[in-house]
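In what comes next, chain A is part of two complexes: it sits with chain B in the first one and with chain C in the second one.
Right, the complex of A and B next:
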């Protein structure tokens, strides 16, 4: 999986591309831990390039979400492709996450809160 | 010739003359030529004393009459010596005439022999060999040569030499001298002649306009004479027609050989093309290739192999004749193996491969080939195609007018490393695809008018409800009717494919074994996707099964073996007409799970696990687990 790290103001953006599964979880989880530990708890994960996500990857996102919220931040998702959206709906985690159509909308959501 | 030599013939005449003078009182009679006695009678008579001398100024003959002093005989004697002189002169002339006649006769006989011999020499080589041998013999020279300049070919040079053969270049140099100055036929060494040639006489053979041929005879002791020239001209005049015949014969032989090679090439080509077409449920295929008179470069192939999509291709190598035929054979061979042995056959990959493998061969001769490659996934009826400049490709469906599938890519054999593209069409019942070579739309009628693509579309619309064969035959018949008596200029090749039933599923299965590690989990996922697609399972079902399989395997890696523990998982995937079944076997720890109580965690609880088995249960119609003989067996089934 390809991982692109960007920032927009105080918001850390992670763009993922490829298959997001148990085998790929470790670097993403590590990155989120570093962010949160550094007090950078505003995180946006762009899943535009992801067409497959499994429950292990999903769990890592849940953990990330919890950590961000513990630090007073938020983990938002954007650009969910159909196969990925299906899993969020299946696990009903679409209710737990703030999910946006694209990066701009997601970033705007961060601004509104700040 | 001295007259004395002729005298023996007239010994009796001289004796009769002498005897008459003896009777008139002479002692002896002598005949002298230029002061030398050439005859005397009686022989041993002394030749002293008085004599009467009569002289013939014309011949220098003198008659000496010894013992005669009566001058009244002077005029008689002079008349006699004059007569004698004239007689001997005539005799001399006759001798010379006879000799000349004999020589001419000799030459005529030789010429006749040569004519007879050349009549049997129908090969150019034999004829030239005969001509050089005979002409050097007849002209009494030590060598002869013949040069024939044919348009667009290296000149033919033959020589006969009784001593040492001259280099071909020397002979051509001599011929060039003559070609430049045809009126001068005899050349003597004066710096102009090539080394080894002392003198030469040449004469051209009268042949067709485009051809120049000459015969040269060289190195005669003494010089070539006018009669030599006449004889050589007689030889060449006569041999010209023969040479013309021999050249025509040689051309005919070559043409016959090329025709034979063409026929062979055509046979090889015909044999290369599929002799039988696959019979498949729900898909009607027909293909025909009708070569033009001259061997061309059309080819096609249809390959139906187990567990692979149906592959068909059609192409047209530019140009005609042997080069096109050879390239077509090579291209066809590369394509033939590519569509059968490439691990996953995608149309653009077949073209990429063709381009890569054949580019050098095409570039070397400045040729290329257009080609169309299609794959039809049998269960899903999905057509993938890639079009390298091939036209026309027509697609017709019961609900749409026939349309042209434009060529999106350049022909094969033009650019190194060109990347071809694949496109797809979902075919359904009644759809027809007709891939043709330009021998169809570019067919002309007697007025020179082209058939064109619009007419093809119209014809296809009329024919598309028939079988693939009826469509093919109908199109060919339409072209043939249109062309009338205009000959077929180009090969006509077409592949017709028609969908005759709704899509079906082909039952297929695959087995694989992986190590219980995350990084291995993609292999079964890819295998499932590949098998499912090939068998024709619905796309969304494949996606759900892929997720369930991933969840199950992750579970096994995490729990049955525990992270990092070594172990293997055997996986069997079956695609049946209405379901996919996934079965795994592992020898890890038994699963501590009650499937009935598995449910999806509450999203608000933000659980960091426990989704996997719930996802599987949600996605699958049946989930079963059993533990037997230290073996865990999971079976997941999803229907549609």
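Right, the complex of A and C next:
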């Protein structure tokens, strides 16, 4: 899986490409932990290039969401592809996460809260 | 957030007691989200009492005994106990036969989530099986086709009542599909079963010491029947005279005396051991000694806790070719050797493919270890907390 790290102001952005499963969770979880530990609790994960997600990967996002909220921030998602969106709907995690159509809309949502 | 959980819990021996135990064990650590846990549990026989260590750093837990397996008034008693406890969220850890072995009492008990919701409490049901996939005859609920049809109609009605909960969680994707398409439900979600043991449990890298040890684990007599396993074991004894068969667990509450009947019927079979109820502290040893964990099921009623346990201990499994289990194995990354249900020849062959081939045994064990430890139950608990928080925002 390809991982691209960026920032936009105080928002940490992670772009993922490929299969997001148990074997790929460690670097993503470590990155999220580093952001939260550094006080960057506003996190955006762009899943445009992800066509498969398993329960372990979903769980890493849940953990990230929890940690961000504990620090007063939020973890948002954008660009969900259809197979990934289906999994979020099946688990009803689409109700727990704020999900946006694209990066620009997601970043604007962060700005509105700030 | 104060959470009440309607569940069985050790030392109670009712179904799902282990799931309840592990779920609560990890829920207690979520101090950042949960303030108090009340367990709404069933009456214990012989004056036994519930107890749990209250440790600093863990969320306090209290037991409220408020229902009795087989009683008709469980739903009313549970609603009363919920009112007295006044929690923010009520979670039901149940399956179709949680409250009774008899059809009517079981159905009445399952009205509890609806009654609790009607009383104004946020209600979440973790439903471990659904009526549509239960073989009623084999689960002890359908003695003839007419009766089976009647039970199924009642089951559909009870399912509709359960679906009045705010959320209904199930552990198999197919269940979500069925509940949404058949009942038009829009409050059902998939929540992984999760692994009971901490990921730090070591993956076995060698075949356990001693003779081949074949083990089955559960509550037997309805759809989990050991006769086929005993007969398969008999067939492999000539080639493996030192092999042991361990039948770990008790009778299903609906079929009291079942295992004693098996013991008498197969008294001729050597090296067969019945452990009786396995205490939590003995579970690692029972699994650890096993070369193969066998699932002598004739049907399934949901995601198998035993499969997750076998995986968590890195064990090779021998499974029947049944829809739910096969689906779970594929979807969750498990591996195993398969046999034709109720066919001792096929089962003996499948067991031999494991115990005669240490490489394959360890390969299956390592895949199952990775699958089971991929998502420990502590993370599954986080999913529930996220859903609870979402509900409380409404």
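Here is the rule we go by: the second predicted complex is superposed on the first by the 114 of 114 C-alpha atoms of A that agree within 3 Å, B and C clash if a C-alpha of one lies under 4 Å from a C-alpha of the other, contacts with A are read in each partner's own complex, and residues count from 1 in each chain.
As a convention for this text, a residue touches a chain if its C-beta (ideal position, glycine included) is under 8 Å from a C-beta of that chain, and two chains touch if they have at least 3 such contacts.
Keep in mind the model is a prediction, meaning the values are calculated, not measured.
With the C-alpha superposition on chain A as described, chain C and chain B clash in the combined arrangement. Of the two partner chains placed by the overlay, only chain C lies in contact with A:70; chain B stays clear of it.
In the superposed model, A:104 lies in contact with neither chain B nor chain C. Look at A:52: by the touch rule set out above, it reaches chain B but stays clear of chain C.
Legend: residue contacts after superposition of the two complexes on their common chain; A:62 is shown touching both chain B and chain C. Between chain B and chain C, B contacts the larger number of chain A residues.
Once the two complexes are laid over each other on the shared chain, residue contacts for A:38 go to neither chain B nor chain C.
Put simply, of the chain C stretches 77-85, 167-175 or 221-229, the part that bumps into chain B is 167-175.
Common to the chain B and chain C interfaces on chain A are residues 22, 54-56, 59, 62-63, 65-66, 90-93, 95-96.
Residue ranges of chain C in contact with chain A, taken from their complex: 32-33, 167, 173, 176, 189-192, 332-333, 370, 374-375, 379-380, 382-383, 385-387, 389-390. Listing the residues of chain A that touch chain B in their complex gives 19, 21-23, 52, 54-56, 58-60, 62-63, 65-66, 83, 86-87, 90-96.
Against chain C, the residues of chain A that register as touching in their complex are 22, 54-56, 59, 62-63, 65-66, 70, 90-93, 95-96. Note for the complex: chain B touches chain A at residues 518-519, 521-522, 525, 543-544, 546-547, 550-551, 554, 557, 600-601, 603-604, 606-609, 611-612, 614-615, 618-619.
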